[in-house]
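You will see chain A twice below: alongside chain B first, and alongside chain C after that.
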Partner chain A sequence: MNDQLLLTPDQRDALQEVTNIAMGQAGAQLAQILEVFVQLSVPRINITESANIAGNILQLVGTPQSVTAIRQAFSGTLRGEAMVVYDENGCRDLADLMGYEDDIDRDSERELLLDVGNVLVGACLNGIAELLQAKLSFSAPTIMAENVEVGRLINPQQLTWNYALLVEVHFTLEVRDFTCHLMTLMPEESIVALKSALDAFMENF
Partner chain B sequence: MLSPADFIVSEINAGIFMLDREYRVLLWNRFMAHHSGLESEAAIGRNLFELFPELPQKWLVKKIDSVFVLKNFAFTSWEQRPYLFRFQHNRPITGGIDYMRQNFTFMPMRDESGEVEAVVVTLLDATDSAIYQTMMQGAMQKLEESSNRDGLTGVFNRRYIDARIFDEIQRIQRYQAVPFSVVLLDLDHFKRINDTYGHLAGDEVLREVARRVQPGLREPDVFGRYGGEEFILILPQTDIEGARAAAERIRFAIGSETIVSGDEHIAVTASLGVAEFAPPFATAAEVTQAADEALYQSKHAGRNRVSVYVAQQSKVG
Partner chain C sequence: MPTPILVVDDSVMARKMLIKALPAGWDVEITQAGNGLEALAAYREGKAEVMFLDLTMPELDGYGVLETLQAEGLNSFVIVVSADIQPLARERVRQLGALAFVKKPVEPTQIESILREYGIAL
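So, the complex of A and B:
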């Protein structure tokens, strides 16, 4: 791997710190939206090789059973895609929290997956961007896969990058039986941009 | 004179409007005015939900609030929620759908301190995409349907029949449902018909046999061509006696009248074999094999008859 892509120990610490702070804020904001307490894990940060991406995701999600996932692109100072991976139960339990009334049909359920995903992605990435004084904009999320094995979420043969930075957080809601994983993937050129943003962040503190 | 930015917001061929925290309209561009019939002077300052009571308020409030709180973009897509506003679309003649399909983006507009002071909403008309997608789905469905059919006779093909037998077996194993029966049907002396009257006549015979069988079928029955001059019938929730009776009716329907091809009148009969999917059968191959054995008995006993598979006692010694 090109050394340029490796985070120095300081940069890694700073990124860990930034994501921790951002997740804390995200948790508070999500609680405000969903009106329930949201628990976020400590973010896990990895540089992953495209050939190993499926295995890495499987390791992070930690279950071989079928999942449903959405994806959403972000661009600006940092460019990449975020994925939210739901287990089999999806997020149907959250329907009322997101303002859905009555029983929801298949399309509403998809919309709910997209809505919840968008909220989680936005809460986390905006927090990071703000701390790093990066500008981000988002495009509409789309369904990436429905009821597939975790290992098949991404087809490594279709990837056009070699290395990517993978940041993973998982969410649990205390009162509901809900958990999901947020994975943010940034390709090579964004890693370089992120490294300089981290350097600037450290200089300011 | 308008600034370029104001001009664009006003005239662009997409909906743009802006809401404050109380969902009051702050901006309402020409596209919105044009499609809603509500001029911007009439909309500005009014509560969006009072102006459009048909909007899904609870859900939309949540969405808009999330933009204020999270300072985040939010989206809706026509694929899940076809429209929010009941707007006419620009394909009134050729469209075939009720209201304009709409994609929305909700954007936080921040003040100098970084707080969100308003939410800007854009509406893109996705009607054309929706129409193309509907057309594509229709085409896919036709393709799927035609890949299940036998080209000559129009009845189901072997691939589809095999899949349906598999489904039936799954259903039985999952729900302990009533077993099904299989009827195999083979035209008698078909080679002789081909040799005597030619292949075109032979094809006409196959088509006519398929036509004669179908009126006697029930809705859940699945009838198809299994290959050459062999047909197969799946009878869900039917025991061996019911299947035998159905097979007799089919045999009669096929042989009752000669088949006319050009000037020729061709006498056609069929031999049939019947088997029920019951223990110890566990696979599709086993039950079709059993029906095939019964069919062989019909052929052996002189053709133009129905035989039923009876499980043989296991031989001792």
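So, the complex of A and C:
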């Protein structure tokens, strides 16, 4: 791999901390929507060849279960894709927590996943952008896949990138067995831009 | 004599940010810990009259540190410094004996006013 793309230990640490701060804002919003306590994870960061992205995502999500995911593209100082991955029970759980009865139809369920995903992506990525003095805009969220195996979420052949930076956080609820993963994928030129933004950020301390 | 303070966070960056936000004239001896277990070890060596404690950490998290201190009847001025801004997180750490809660990124003026509020010598 091109050394220019590797994060130094300091850059990795700073990205982890910046992500942690932003995730706190996203988690607080999720807690407010669902009226439950949300547990935050330690952010995980990985630079991978595009061909290995699917395997990396599988490893981060943990189990080869079927998932539903939404995606949102972002552009600006940094460019890439954000995804929120819900496990099989995730949709049901969200609907329950938000007070829907059993009769929620598929369209309302999708809308719920898109809305929650949009809140998490917006809070998290805007939080990172704000700390790093970057500017981002987002596409509308869309359903990326429904009930597919985690490993099939992304078809590496459709990616035009050689390498990607993968940043993963997950939100867990205490009251039930619910976890959703928020993942951000960025291509080479954004990795380079991110590294300079992290260096500039670290110079303040 | 300098006040022994302990800065606990798994991120080196976060510890630097916190240390930079400490009041300028405060005479302190700073020890750093990267997780809850290291924090407890430093505490037991008398290095934590004041502890700045992160919540989300590997090995043993901030809640675990507070629970241990409480279960063993130990006292330290613990100021939780966290990105977790849920009201319930704040309430829980208070119940576990933390004096105050500061959200990340840390505002220097906030640290100083908390220290003054609790009469910690500056």
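Note that the second predicted complex is superposed on the first by the 194 of 205 C-alpha atoms of A that agree within 3 Å, B and C clash if a C-alpha of one lies under 4 Å from a C-alpha of the other, contacts with A are read in each partner's own complex, and residues count from 1 in each chain.
The working rule: a contact is a pair of C-beta atoms (placed from the backbone, for glycine too) under 8 Å apart; a residue touches a chain by one contact, two chains touch by 3 or more.
Values in this document were obtained by computation on a predicted structure and should not be read as measured data.
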Partner chain(s) touched by A:131 [first = chain B, second = chain C, both, neither] | second
First, second, both or neither for A:10, with chain B first and chain C second | second
Could you tell me if A:110 is touching chain B, chain C, both of them or neither one (first, second, both, neither)?
-> first
In the overlay, answer first, second, both or neither for which of chain B and chain C A:21 touches.
-> second
With the two structures laid over each other on chain A, which partner does A:37 touch: chain B (first), chain C (second), both, or neither?
-> second
Chain B versus chain C as contact partner of A:205, first or second or both or neither = second
Do chain B and chain C land on any of the same chain A residues, and which?
-> none
Write out the stretch or stretches of chain C touching chain A in their complex.
-> 10-14, 16-17, 20, 56-58, 82-86, 88-89, 103-105
Where on chain B does chain A make contact in their complex?
-> 58-63, 65-66, 69-77, 79-81, 103, 105
In the complex, the residues of chain A that touch chain C are 10, 13-14, 16-17, 20-25, 27-28, 31, 37-38, 40-42, 131, 202, 205
Can you name the residues of chain A that touch chain B in the complex?
-> 29, 32-33, 98-101, 107-108, 110-111, 114-115, 118-119, 122-123, 126, 137-138, 140-142
